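Okay, got some structures for you below.
You will see chain A twice below: alongside chain B first, and alongside chain C after that.
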Partner chain A sequence: MSGTGGPLLEIDHLDVAYELHGRALRVLRDVSLTVGRADVVGLVGESGCGKSTLGATIVGLGAANARVTGGAIRFNGQDVLSLDEAALHRLRGAHIATISQDPTAALNPLFRVGRQMRDAFKAHVRRSRSEFQARAVRAMGEVGIPDAETRLRCYPHQFSGGMRQRLVTAMALMLGPELIIADEPTSALDVTTEAQIVELLRRVCAEHGTSLLYITHNMGVVARLCDRVAVMYAGSIVEESPVASLLERPLHPYSRALLAAVPSYRRRGALATIPGSVPGLASPQPGCAFAARCELARMVCTTRPPDRNAVEDSVVRCHARDGSLDYADSPPVPGVGR
Partner chain B sequence: MTGKAPLVEVENVSVRFGEVHAVDGVSFTVERGEILGLVGESGSGKSTLGRTVVGLVRHPSGRIVFDGRSVHEGSRAAQRALRMRMQVIFQEAKASLSPRHRIGWLLQEPYAINKVPKAGRRTSEGLLAEVGLPAEIATKYPHQVSGGQARRVSVARAIALRPDFLFADEATAGLDASTAASLLNMLRDLVDENGLTILLVSHDLNVVGAIADRIAVMYLGRIVEMGPAEGVVGRPSHPYTRALLASVPVVDASEIGRVVAPLEGEPPSSIAPPPGCHFHPRCAHAIPPMLADASGVRRGGTEAHGLLPPLARSTTDMRSDDRLDEEVVVRNILRGQPGVRFAKRSQEGVRSSRKQCWRSSGMSGSN
Partner chain C sequence: MRHVLRRIGLAGITVLLVMAVLAAMTSLVPGEPARVILGPRASPELIERVREEMHLDDPIPVQIWIFSTNALRGDLGKDFVNGIPVRDLVANALSGTVALALASMVLGVVFGVGLGVISAARAGSLFDRAVGVFSITLLSVPSYVIGLLLLLFLSVAHQWLPASGAGSIEDPADWLSRLAMPTIALAVGWGGYLARLTRASMLDVLASEHVRAARALGLPNRTIWYRYALRNAITPIIAFLGVGAGWLLSGAVVVELIFNRPGLGRLMVDAVGSRNYTIVRGCTLVIAIIVIAANLIADLMLRLNDPRIDLQGSGRS
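So, the complex of A and B:
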């Protein structure tokens, strides 16, 4: 898969639905996102917003009842959705590596980690055992696992949680992928261990020019690690901005509310909250999914979904930000907003 | 907190589970009408300590006094009467609510268990209203409500007996930001309006730092630093607190691209904790005499801002060449003047790795 001039990963108007009891629940709606070479992009949102579904769909590992109902995913210019299983197999691991939230679940407890790393290696590369050994030891050294030769002969349970996450990262790096998709890789770790893993990902991605799609609910980690960030709400990306502009001037009312609600030891006192709750998948909204909780909502927001609008370096989906007269002329919604 | 005796006094409490030293000689007080935040990483013993305070862990060594009475001594009836006044919000709200009963029944359970006369009971609907939930929740089973609602139900059940003291164990873990924020606001209101006292245990310094009045930081079974919240997060004294603060991600423009020099390694096993200061194997400031003895506590900074070793322990048994050096470190840390310390320390010929660590530990006056 040779590089082309275009971006590494392009997600274009992607729609994904889960089929449940004969009904189709739309989990991703018109999602567009681009990850360039050596880009570090954060994907944030609350539980159930579809961020993990997006990560899984990129590598063709969506749930059994998930179906792509529209749009395209291109990796290096190649349409990922049209690939057969063998081609997807070549893509995963070698070109797109994934790191999951739970490294324990990613490792088989019955086999030594060296065997598991070799399996991953042999699935893609026909090389000698000594070549594998050299690469595995180098990758483990890079992620800070000391005494790699000995550790290759250990079982997963002999590693701590942080060390297991380092190990899975070493497995991801071993084949030199162009993109790493990390889905909540630090959520189960303590903060000091989390800081170690975040620094590790930052360093290895910078050294190898690897792109990173970092899926998390933790806005603070995104600020520390990422160049750009996409905020998801109820299956849509509502805002995509450089990290600095999101933190200083969030454009979408949801981004702003979410940022204000995150507790911080630097901001003492009453915390801001978002009224209401996330709409269920079974009851889709005709307009903007956030309208019922939005302080800026007007009638137009409840009837028509907003389009993507470029505002400076950002892309935002909000009627209040599209500069048209539809919003300005629209009457307020009775009983909604604040 | 004016001159009144503390609501809870914990004196030199240790808890051992077989070989595991879960809590190791901890002393502190919880003042009336405050939120005391207890923060630490997994395995630090914070939950065990909280459970011991409310009597859920039996037979600790040391003594816990609640409003003048010992929690672990006295007749069963006396202990039960005491425990009515201290309630718990358990870590896993859904697991703490029986799946076989409707929420309305679960909310009346504390009255039944404690044989509260009918006149002293409050309706489930009234309790739900107090935690901001609609009355129809009473007819639902626990699996029919969301995680945030289940958490509020546990709060409603905990306040049913009008307790004086709440132990909230990771009350916001696993909740989305906005849901967690409204729960924290509610706990704050319970304190401010009803005069409740709360021991809030969390692994998240952002949660504790946002609402607690005072903060205690635990590491491997010991409280390594304790003081008013502003002091602990604004002028942290213990190297572990500093490392924790540097590691915590904050939603703030100052966080953008911030390179954290993480603490090295992981907490050692609490089966065989390191001798002396438990933190010394990971501490950049550890010096040989501190490895053996961890008994000294020195008060410094603001009032009641206690500080445990290594930096603030008695210097009497230090080697003479270390004494000057460490004295400077202590004094200047407590004043929050790292720059001065650098200058003085470099005269002492301190290893450059120490300076490196200090500079990158996020303490350079930015807090």
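So, the complex of A and C:
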């Protein structure tokens, strides 16, 4: 795939629906997100908000009943959604690598890791066995797996959890992808190991100039790792900001509530929670999806979905931030919020 | 390696237990054992011979000891009626039954696993649903009904295949033509079951995270299917083959009767009819040993297939 001047990954007004019992449940609504070359972008949100669906859709590995109902995904300027199966196979692994949640489940337990790595290598590169050996050993060295030549002959169960995640990372790196999509890669690991893996990803992406889309619900990791962060709520990206500005002054009320719910050693006592719950997919709201839980909500929020608005370096979807008079003139919603 | 030896030892102990149960069985039924065995109309001389032959006057532990040590030396006692060693009778009958069971196993595995894999590949398609209905049908029709239908169609109506007997291996074409129908009759239900099992197991594996991960690495579909997923999916199939050996052998008994093939089934049914207890006992022991061996082989194959099993067995994780 030849490089063009534009951004590496462009997601443009993407709509995805799950077909269930003849009904279409909209899981992604008008999602737009850009990942530049060597960019590290965080994608945060609660469970079920659509972050993993977005990650899977980019490489064409969405659920069997998922349908893209609108929008576009461009990688290196090429429309990913129109690629045929063979082209998608060439794209996956070689250009976009995916690191999934559970490294234990991501490795086939019945095959030696060397064999699994070699099959992935052979799928993309017509090279000799010695070339593979050299690349695999180098990738394993880079992620900090000592004694790589011996370890290639081991089975996945002979590695510890942290080592398995390093291994999966090495498999992703081996083929030199331009983009790595990491879907909560540390949620199965303990905190110390998590910190090591996050640092590892940060380092290897910086060294290779690889872009990283890091899907997580952990704001602490985002703060350490990412340049920009997109906050998802109920299938929409409600705010996209540089990390520092999001942490210091979150624009969207949901971002603010999410940050308030992050535990800190400075604060004692009960953590802040967000009242109410995520709206179900089956009963979509006509207005802003967060309106029912939002302390700033007014009538306009419950009737019309907010548009994307650029505020300084950020993009936010909120009536309260769009500066128009609609919000200012709108009466408060009775009995909602606080 | 230690686990393999332990597993083999376990199989040996199971064989010894089967021997003990078979030896003690006669004495466990109430009344005069020889009379129970031979029935009310047996002559006093025959009863006397059986009492002596089977050491029925000795205490049960002695009977078990004598039967087991003899069996281990290959001596299964003598036919009550004409004094032929049971070992020779069983050995003659065994080859026909084993040929039938093995041929059915191979046929069932080839068709069952093949159809199962293709069904899983096209889950939800017309082909998949047709195979589903077809295999459930085959599964629910007893092998003797299939056997009779085959006989009626292929031998009676068309005379394409010989209806009975086993022929001799010296004439391979004739031998195979006589093996064909019994094999199909026996394999059909087994193959139907394997098709269902394979499909379910395959779908299970294809939904797993490591298959997704392999896709995300851009591996070609055929590698994912036939190299990765199939080897994961084969585990319950191998386990079933071990247990299914017993199913095949008991099925073979019925099928042998229908096609009038000499074999263990024929031998056992005749022996039961004439209350020839030593023969029944010898056949039962041989069948038990085959089933135990099949399970042992299945276990060792699972071990070869899955490197984690050794660890699980020893309590480490």
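Convention: the second predicted complex is superposed on the first by the 337 of 338 C-alpha atoms of A that agree within 3 Å, B and C clash if a C-alpha of one lies under 4 Å from a C-alpha of the other, contacts with A are read in each partner's own complex, and residues count from 1 in each chain.
Note that contacts are C-beta pairs under 8 Å (C-beta built on N, C-alpha and C of every residue); 3 or more make two chains touch, one makes a residue touch a chain.
Note that the structure is a prediction, hence the values are computed from the model and not measured.
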Determine, for the superposed arrangement built on chain A, whether chain B and chain C clash or fit. fit
Answer with first, second, both or neither: which of chain B and chain C does A:192 touch in the superposed model? first
Superposition-derived angle with apex at the Cα centre of chain A and sides reaching chain B and chain C, degrees in steps of 10: 80
In the superposed arrangement, which partner chain does A:84 touch: chain B (first), chain C (second), both, or neither? neither
Chain B versus chain C, judged by how many residues of chain A each one touches: B
After fitting on chain A, the minimum C-alpha spacing between chain B and chain C in angstrom comes out at 10
Quick one: in the complex, what on chain A touches chain C? 59, 61, 89-94, 97-98, 100, 102, 105-111, 116, 119-120, 123-124, 155, 157, 168, 171-172, 175
List the residues on chain B that touch chain A in their complex, please. 41-42, 146, 148, 176-178, 180-182, 184-185, 188, 203-211, 229-230, 233, 243-253, 255-260, 262-263, 266-267
Give every residue of chain C touching chain A within the complex, in rising order. 208-210, 212-221, 223, 227-228, 231-232, 305-308, 311
Within the complex, chain B is touched by chain A residues 46-47, 160, 162-163, 190-196, 198-199, 202, 217-221, 223-224, 243-244, 247-248, 257-259, 261-274, 277
